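Next come the structures, one after another.
Shared chain: chain A. Partners: chain B in the first complex, chain C in the second.
The block that comes next holds the complex of A and B.
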């Protein structure tokens, strides 16, 4: 139900991997002497810095720049760590009006999610369910987690969700769903709402 | 927000020719004061009676209230002279097409409130606060 920073991680790890790869190739070329032959750089084993490094870092502006760069790198790292916290990223209030000239029509995504849950809870074998809507009213993204008991016909449940639950949500929003994800868990508990039975029994008055 | 507004409501059957001469006389008759609550109740009742929208019922001080399609939806009105902006909080049957249902409700409230009170309703803001599938159970068996 919660989203993690998978894409961000892949991008940053790719960039860092490329930097490390390039650095490694350069070091290998330098060690083997190929870099000296290609770019006429210093030979491996030669001292490049001959003077006193203290003189380089002596000016106060160098220290300030190093400090600022360090703080920036630290902040970027901290932000990266913070983005690792899994988030729901639930949708904001759905606006169902066209231009708003005659008034606004709004509906909280949680209201629709509750309706979906109530509908799914009546399906045979469902113990409990949890729905989360993301995206916009015109392109909603439904994540549905359904807990069923161990005697449930899962294929039948999936078929019912695909043929009734998802089309009903799409009908309510009057827009096709952009994406729908279904997670099914199995539990030893029994259905709390009781099984819905369509019968033609005698009505006692 | 003014709680009530004095309105010169049109009198059915009054002809235009008499309007000029009767202008002073009409002013001397007094004025009709229409409270916001009147329009709020009319808007709520129209939403309840003439659409599938519902409100909340039961509970105490708003605690424990439950969704009820037969209850009158909660409405609030902002009056500015003879122009009103109505806000309605409704519940609906799931899965009705929400845009169509709320648009029909908006048109109905505008028409009926204007018809019954003479107040021009410019905007009707609708908040869908709950949806019911109509088959919800609370886990208890019902005695016949």
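The block that comes next holds the complex of A and C.
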């Protein structure tokens, strides 16, 4: 139901991984002296810091640049952490009619989602359900999570949702649904209701 | 990426790599905070904090082929490879596709232009376990599910397990097929006699 930052994570992990890997390889080549032979860099026996560090970091503009770099790195890290929070990204208020002088009709998607949940909860075998609407009134996008008990006829449930719930929602919006996503979960509780027929021991010939 | 266009994303997806992303994000945040604190201390006091004295002395004493540089290089290569593996290894899907084509036999138009029906791996495991528990001879059962395989661990009071394994796998496979899983995952079982 909620959306995560999978693509963003893959892109940033790839970029950072490449940068760190290349930096490590360059450092190892320099330490072994191979980079000196290839690109005529400093010899492997030379000191890394040849000048005076005090002089390098003394100017105010160096401090300012380091401050800006620190702020950028910190902000990027903070934004990346915040992005990990799964988001619903639910739809904003649906505008069902907008006829200028005749007024307009609006509807909160959560109202429709609750109606969908109430209808789905009455279907056989459904323990609970959760609906989320995205998109616009003319191109609504329904994500429905239905938890059923372990005796439920899943295909029958899907059929009922597709022939009653979704058309009802579509009629309410007066527009076909753009997307319908249904996630079925099974309750951890073993279904104990139902008719149990005890054996009487009678033999019928 | 977290969607902001108000559209839904697929319910069947691979892991989002949230844990490595959180670790690297927090490290970046920490590095930024330290850098900002050091520079602000430098701007306020006019000198760099004394905490930098140690690293500065260490850095000035280093030569390129010293063990410290080799260690940093090797660590960077290892970290880089780990980050790349985190990004590249796709990981398994969180859910299995359920075929809903047969649920609209009247040939009516589909209720939505794009449809997706899935069952979570946990749901498949619970369904398999419930079906398995109904079979005569099964004492208790537990199940695990991936997108390609469902494995059942069955405990039975029977001394001679006989064809119980086949009965369990056949019954569970039939149940998953009836539920509409497409493709139906391979069902395996281990039988343990408690008798």
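As a working rule, the second predicted complex is superposed on the first by the 145 of 205 C-alpha atoms of A that agree within 3 Å, B and C clash if a C-alpha of one lies under 4 Å from a C-alpha of the other, contacts with A are read in each partner's own complex, and residues count from 1 in each chain.
In this section, contacts are C-beta pairs under 8 Å (C-beta built on N, C-alpha and C of every residue); 3 or more make two chains touch, one makes a residue touch a chain.
As the structure is a prediction and not an experimental result, all values here were calculated from the model.
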Which of chain B and chain C A:55 touches, first, second, both or neither: neither
Partner, of chain C and chain B, that touches more residues belonging to chain A: C
Which of chain B and chain C A:14 touches, first, second, both or neither: second
Which superposed partner A:176 touches (first chain B, second chain C, both, neither): second
Partner chain in contact with A:38 - chain B first, chain C second, else both or neither: neither
Which of chain B and chain C A:63 touches, first, second, both or neither: second
Chain C-facing residues of chain A, complex: 3-14, 16-25, 27-28, 30-33, 42-49, 53, 57, 60, 63-64, 66-67, 69-78, 80-81, 83-84, 87, 89, 91-92, 132, 134-136, 141-143, 150-151, 153-155, 158-159, 162-163, 166-167, 170, 176-188, 190-191
In the complex, chain A residues that touch chain B: 96-97, 101-108, 111-112, 114-115, 118-119, 122, 168-169, 171-174, 192-194, 196, 203-204
Contacting residues of chain C [partner chain A, same complex]: 1-4, 6-11, 13-18, 20-22, 24-36, 38-40, 42-43, 48, 56, 59-66, 69-70, 72-88, 95, 98, 100, 102-104, 108, 110-120, 122-124, 126-127, 129-131, 133, 178-180
Residue ranges of chain B touching chain A (in the complex, touch as defined): 85-86, 94-100, 102-103, 106, 110, 122-133, 135-137, 139, 141, 144
